[in-house]
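Next, two complexes with chain A in common: one pairs it with chain B, the other with chain C.
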Partner chain A sequence: MEEMKNVVLEYIVDEYLDEDDEDEVSFDSPLISSGIVDSFSMVSLKRFVENKYSIKLPDEEATPEAFDTVNSICVLIKKHLG
Partner chain B sequence: MSNIGSYERVKKDFNWEIARDVMNWKDGELLNIGAICSDRICARGDADKTALIWEGFGDKRAEYTFDDLRVYSNGFAQLLKEQGIEPGDRVCIFMDKIPSLYFSFLGILKLGAIAQPLFSAFGDESLEVRLASADTKAILTTRKHVRKVRKIKDKLPDLKNIIVVEGDPAKLKDGEVFFDVESAPRIEEFDVFESNSESPSVLHYTSGTTGQPKGALHVHSSVWGQALTTSWVLDLKDDDIYWCTADPGWVTGTSYGIIGPWALGITQCVLDSGFTSSRWYQFIQDNKISVWYSAPTAIRALMKDGNELVGKFDLSSLRHLASVGEPLNAEAVIWSGEVFNGLQFHDTFWQTETGAMMITNFPGMEIRPGSMGMPFPGISATVLDLESHEPVMEPGKVGLIAFRPGWPSMFRSYWKQPDIYRSKFVGAADDAMPDELRMNPDLWYVSGDRASIDKDGYFWFVGRDDDVINTGGHLVGPFEIESALVEHEAIAEAAAVGKPDEVNMEVVKAFVTLKPGYEPSDDLELNIMNFIRKRLSPLAMPQEIEYMDRLPKTRSGKIVRRYLKAIEWGEDVGDISSLSDD
Partner chain C sequence: MAFSNDTRTLFANEIEKIKDDGLFKEKRFICSEQDAEIEVEYPEGAAHKKVLNFCANNYLGLSSHPDVIQAAHEGLDARGYGMSSVRFICGTQDIHRELQDRVSEFLGMEDTLLFPSCMDANSGVFEAILGQDDVIIADRLIHASLVDGIRLCSAEYDTFKHMNMKHLRKKLELHQNRRTRLVVTDGVFSMDGDLAPLDEMVALCNEYDAMLLVDDSHASGFIGKTGRGTHEHYDVIDGIDLITTTFGKGLGGASGGCVSGRSELIELCRQKARPYLFSNSLAPPIVNGSIKVLDLISKSTERRDKLEWNTKYFREKMEEAGLNMRPGETPIVPVMLYNAKLANDVARDMYAEGIYVIGFCFPVVPAGKARIRVQLSAAHEKEHLDKCVEAFRKIGAKYGILGMDKKEIIAKYGN
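== the complex of A and B ==
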């Protein structure tokens, strides 16, 4: 789980934050509600997770709440990895 | 009793002078939107009334009175003047929905300059195209967004002033100016530019099927249309707490998130935070919002999160709901009535070019779920036959939505593109100038949307008449996306169309052919998505990419988007005899 969290966090830092961004993002930092990742960009984050872990997340489960932190994203991934 | 009273009665006796009565306008007053929304409200005795309740992410919260609006907008006007900005210069506002956005918008207008608000999620390429088009002289931005400006500033010779309005001044680069209006000395007096009804005020960029985005230029007299529609359609009264959810980077966020409500001295709320349903409901509950103007995409997202969540909040302060951006489906209208104490969303139709609402559902009128409503009093609206361009007389027959020109908030031109402006008018002479066009009562201004009219006069939206993609209530031009796609190292050719989406009505889908040496893969798809998201905007990012061996083209080599879109929408592809066999 820890490794998975690091992978997701690294992707978020690389893709949604600028190099010199001062925002510190941790496993429980709000992503959607803080505006770091907007609802349209969430689609690319979902796609990353699906590609990386070879899973398909149903739209009804991939909600802004479920994608609001690295922790909650990883809970969702784990659920679908079985 | 609603402000409009009887729709039939006001329609019969209508003239635009009524807007002056609604605003208690006196002859000789200064027609400057910046002053109307701040100085004038203070002068009428409401200086201490709350103008803005602002909440940001986390626990950030602030309230500002109309006197604060007056002083802080003076502050921005003074700063810009000291920086050499003159009346008529374009000043871009490129920031999230922070208080300085609202103060600076009014300040720019007080100075007589033209406000050019741009959506802060735009990537550097989208920003560059719009700043270059407008020869923008100054940009007001934030620590977070100034990075995008730095990437492109060397390609913009007219951009002389980069002003950062928050953050750490020590982090600024050479040539950038720091200005925190709330920390700066209060500017009690500013000599407001004496604008007249035709003085330019706001330049909003909007996308078309071909070419780059166009700047729709508005003037200070737009306030008549914006204030009257605010009063009659949004039904705002002195003691209302109003929330327009739109971002001022788009026209709704300025016409009804700044100008209309503040011209009437209404208290409004702004939430600068990412979207979650519970956050929105909490915001309504905490601030006792009474009138709420939102967008179908958001309403459908709320609907998706279910009725149980709504029940966890006290939303009894709400008394009137309205919607704009794309057609509001009947299910969403009915749902809102079920969960918001019997209140249904009133759909409104208008566009960047019209500056104010044109076809709407009015308070007190029977709502026919899924309908756009009826034309605002004083607006002559019809649908034109798709072939003959004559008004359609047959109820239910689809045509092009068109308006007789001349309403106050109508755009005055496309920035430096009079030919494209002229092309929007059916029957226009080849050499007609913008002023002649907008005052000619024999012409029809064609909106670019299709609808039908039923036997009772209700308009029913059908769709766009062109290839522009309406995603989440925002128009995205396929040409802009395709141009960016072919800059990706793997892509040889590209086409972008809208595909149906349950929440956003449409989302972008791209069809691409790859250059030799590249193979289709999921990782490449994600790479392309992120490439467009960063260069253009999250709205323009394709949510699906289909790899093709070749794109459908005419024999002359033009990509046929119509064919691809028809397949996406499950529609008849029409006559394909002109497609190339190659």
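== the complex of A and C ==
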């Protein structure tokens, strides 16, 4: 789980933060509710997770709430990995 | 009655939540023509107050121009009040064709299709031209109407960091396996006033075989040396495949929008774009008024030149006064307050000083980046600009933010 969290966190930092960004993101930092990731750009994160772990996340589960922290994203991934 | 008390309470609670979140939009009534000086009833029921308007999209000051009003009257007299039809049944007059041709000529595009608004143009264009084998790659800060249109389309979509060309390149590489790629951006971003780097974007689109769509609603009529738009500013007119824009801002301010660009793409919009197919034609007075606007700004660059001067002067004076602004060269000037309550408090106090501006907070702008968006107009005279700067100086001093940078404002008020 720890390794998965690091992979997701690394993607988020690379994909959503600018080089001069002062935001620091941790496993429990709010992503959607803080505006780091918005509902429009969330599609990139969902696609990355699906490709990386060869899973398909149904739209009704890939909600802004489920994608709000690295921790909650990894809970969702684990659920679909079985 | 289906609308029971419980149902009413459900919706009333939702409204209360919007208020609790500080996102409630209050009613404000303008009791005069749209202009640099307007009369406002605010709050509702209050006596009318004369204020200087610094929050309209009236960039060229043409909303109440006598020649435009006269042309609208002539359209009304010659072609009637409305069409009572969509375009493809019996709603296309010769003046609709004339306006389309005039827009194509003005923007330097092959063909143009009118829509009831640019919101409708953006809602309809993607679904009309793309399918599930294609990909749309959009800047993350594009206008909400483009976001809606992209979501209505079956094409895959992806986003890139705001104006980050390195990231756009990465995304273009990632999606090379798609049938077509369409890169989407605003020409001038409505909340930040940023100019999209279209020269670099055109080069990348050429390199990776992608089309480019630009929403130039906050640029048409005044950006570029003859006001053609952002593509003229960067000298890449031939490199743009699609432009969407509005007649509701610089180009007269009434309503209506269009998609302009490669003839095959416009024809597909004519055949398939749902907001075009299923809503009424632009009314004749607006069509005639818009043609007159194009006449005026094609004959002379006086208005866009004045707006450019106003923008330069205002930005310089605000900087001297010590306000924290997002740098730029467009007439959209974001005065950064970062904290939502501070932005709203400053806007309220500015109104008391006779300056009409609005605070913008999350989710309209990113969290922690609340601001007042000042919009300049060719209708503003130097004394209007001086009065606005003076009011910002006074209110800025009241809140102790003059000369402060981002970190200092956030340290004082939070974000």
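Worth pointing out:
Just so it is clear, the second predicted complex is superposed on the first by the 82 of 82 C-alpha atoms of A that agree within 3 Å, B and C clash if a C-alpha of one lies under 4 Å from a C-alpha of the other, contacts with A are read in each partner's own complex, and residues count from 1 in each chain.
The rule is simple: contacts are C-beta pairs under 8 Å (C-beta built on N, C-alpha and C of every residue); 3 or more make two chains touch, one makes a residue touch a chain.
Note that the structure is a prediction, hence the values are computed from the model and not measured.
In the superposition on chain A, A:D18 contacts both chain B and chain C.
In the superposed pair of complexes, A:G35 makes contact with chain B and with chain C alike. With both structures placed on the common chain, the touch criterion links A:S44 to chain B and to chain C. If you count the residues of chain A touched by chain B and by chain C, you find the higher number for B.
When the two complexes are overlaid on their common chain A, residue A:T63 makes contact with chain B while staying clear of chain C. Overlap of the chain B and chain C contact sets on chain A: residues 18, 33-35, 38, 40-41, 43-44, 47.
For chain A in complex with chain C, the touching residues are 16, 18, 33-35, 38, 40-41, 43-44, 47.
By the touch criterion given at the top, residues 57-58, 96, 121, 144, 147, 272-279, 301, 304-305, 471-472, 502, 522-523, 525-526, 529-530, 533, 538-539, 541, 543 of chain B touch chain A in their complex. The touching residues of chain C, when paired with chain A in their complex, are 138, 140, 147, 157-159, 161, 164, 362-363, 366-368.
Only residues 15, 18, 20-21, 30-41, 43-44, 47-48, 51, 59-60, 63-65, 68 of chain A touch chain B when the two sit together in their complex.
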